[in-house]
Amino acid sequence: MSRALNAENVLEAGGRLAAEAARFTSFGWMRGTSGNLSEVVTREPLRLAVTASGLDKGELAASDVAVVGPDGEPVEVGGIEPLVPSAEAGLHARVAALTGADAVVHVHALNAVVAGHHWPRGVLLRDVETLKGIGRLAHDDEVVIPVIANSQDMRELGDRFEAAYDPRTPAVIVADHGLYAWGPNLKRARHITECVEWLLAYKIATR
Amino acid sequence: MSRALNAENVLEAGGRLAAEAARFTSFGWMRGTSGNLSEVVTREPLRLAVTASGLDKGELAASDVAVVGPDGEPVEVGGIEPLVPSAEAGLHARVAALTGADAVVHVHALNAVVAGHHWPRGVLLRDVETLKGIGRLAHDDEVVIPVIANSQDMRELGDRFEAAYDPRTPAVIVADHGLYAWGPNLKRARHITECVEWLLAYKIATR
Amino acid sequence: MSRALNAENVLEAGGRLAAEAARFTSFGWMRGTSGNLSEVVTREPLRLAVTASGLDKGELAASDVAVVGPDGEPVEVGGIEPLVPSAEAGLHARVAALTGADAVVHVHALNAVVAGHHWPRGVLLRDVETLKGIGRLAHDDEVVIPVIANSQDMRELGDRFEAAYDPRTPAVIVADHGLYAWGPNLKRARHITECVEWLLAYKIATR
Amino acid sequence: MSRALNAENVLEAGGRLAAEAARFTSFGWMRGTSGNLSEVVTREPLRLAVTASGLDKGELAASDVAVVGPDGEPVEVGGIEPLVPSAEAGLHARVAALTGADAVVHVHALNAVVAGHHWPRGVLLRDVETLKGIGRLAHDDEVVIPVIANSQDMRELGDRFEAAYDPRTPAVIVADHGLYAWGPNLKRARHITECVEWLLAYKIATR
């Protein structure tokens, strides 16, 4: 990302995040005020626009966005009201830093949590066409969606993510919690999220 | 609530109740004319605005609202047509009085009735992130959604609710019937309802 | 019904049928061009407005309506294009004649066909609050949704319906086929259909 | 089809394909950018308008369409931007050529892939009314939805399709992949797709 860190770019990101959040809410993946989405605004230093905490994800405005740095800490941007970011913003930043992804999706999709329950050591997928939708092969490619233990400490959760991370697989399940997925932009992250959820639904339906 | 008991405030509440009811109807949680929502208008004396009985909950107008007192009895308010409140308004009032909640949601969410069937002595939940959405902890916190036997006598149902009530848990399942959830305002009650339903769906999916 | 049998009344009925059909289509209960809805226009002689055959039930216009008599035979009405009624119109007329209902709903709701498969001698329901939504009691009232064998002969199907009919129960499952439900008007028939479907979903989920 | 192969006709087809794709996306059958739809524009030579590759199927414009020949190869049409067709366009063309259908639907409907998993030698359906929706009989008619092995080679996949093809059955499941269905026009192909999916859901629910 070479965008400048200014109010215009943050609000543009906020508008995109709000639209995506409304979509995922319509799928039932952001019940209550759960989940959060982010976009990288600048890489050096790392700054992310992330949906603000505690709001209904189906009703966000472009301005319902917070800016955070690499540890999820709030960062001031002129012209942007300093909303409280989700505590999980720290994991978003960690995902963006480690994977190079410029968009990160975190949703409480039921199938992800159910799959994490059934396969706590990772969800093995292979020989399904939809794997192409997450950048893998439809045949003879063993794909494991990692499952990591939940934590309220984002540093601990980030370390678990880093230990489990396979650069070929753009998603991770946080056990008893939800799904993270990412991509080079928000639309691609949407498509990866949708495909992973479909694959997990299929895995559950055929267990 | 320090609002005055007048037509304007009742109709404002009615508009909010109608919008929430349409949302829950879209989820399939208010089939037929089932369920009802309420808001406290005044605390002393206790007066609630509650959705009128017998109407499609996806098509309510702001004026499709009744005003009731602590036993669910109709209360006249100038400028408000005296619609028939649901018989269940008595339980809404009881919930509001006992819990201090200013908004109460009652829906016939299928997962709530299925969970009540499987766990008639209460639905135990623990170690799920979404528990934070109902004000509990994501780890090591044993949460029980109480299940009480159904009754057509609101006094009896209210007594069962009172006996089962745990101030830490903002929801109760009425067996063979549906779900009650509540919060300090209608939006918070919505989010609690959504989280409880998600938790029950998860519990059922992993039993 | 004391309405005159004229184009205006038929088209008014057609508009209501179209709106209800769009609703049921959104629920997935009218896939393909399946199902049909009807309203009685006159009782003597018996004339029903019924959705025309072969059309997408989510896209009907008010004029996509046919008029039939007691055997489902087409009846000419001035100003109404003589569209082909569904073959099933004969059963609609039979239901209206026998039950006195002025509105009949027939949908291919999956849960109805699944329930008919599991309980081919009738689906027993009791002690569920939602039974009140179909005019029965929430406690100690044994309700059986009859299941009759499918047929392409509407006279045969009508005879089976008549043999199975219990005036207290406003719905019947046609095995391997779908659900019929009825009420004094289309909105009430909608609510009964919704409640029966919910009850069948609950029965299946707890078997 | 006797339409001329020109930009107007291709864009008209593109508009219809976009609308149908949005519908199927709303059903969850085109997650990510999966699936593709096509219409025959001319028969001699065989030319199909097919949804362009890599786009969200819920957001297509009329111009998001590619034109292909009998092997799925791109064909230039004046006034039409040469978008990349899906690799699967080759199978669409093969289906159109073999079956005579002028519209082909390919979706990643979960139930189709689950059914292919459970019944890898074909899904037997009989004695269900909804079979009439795909041109078969409601009674005593053994219908088999063929299941063919997946491949990335459209010629191989086409050969498997040809070997499995029964002219009476307008659909095929590609194992570990998705569903193909077809009809004389796009609306009919929609209805067949909906009915097949319903039938597979029913088969799975009663296994």
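Think of it as A, B, C and D in the order they're written, each chain with its own count starting at 1.
Everything below uses one rule, namely that a residue touches a chain if its C-beta (ideal position, glycine included) is under 8 Å from a C-beta of that chain, and two chains touch if they have at least 3 such contacts.
Remember, it's a predicted structure, so these values are computed and weren't measured experimentally.
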{"item": "Label of the chain whose CA centroid is most distant from the centroid of subunit D", "value": "B"}
{"item": "Angular offset of subunit A relative to subunit D [C-alpha, multiple of 5 degrees]", "value": "90"}
{"item": "Distance from subunit B to subunit A - Cα centre to Cα centre, in angstrom", "value": "32"}
{"item": "Separation of mean Cα positions, subunit C and subunit A [Å, integer]", "value": "46"}
{"item": "Overlap residues in subunit A, where contacts from two or more other chains coincide", "value": "none"}
{"item": "Those chain pairs that satisfy the touch definition", "value": "A-B, A-D, B-C, C-D"}
{"item": "Touching residues on subunit C, where the partner in the complex is subunit D", "value": "28, 31-34, 56, 108, 110, 113-114, 117-118, 150, 152, 174, 176-178, 204"}
{"item": "Interfacial residue positions of subunit B with respect to subunit A in the complex", "value": "127-130, 133, 138-139, 187, 190-192, 194-195, 197-198, 201-202, 205-206"}
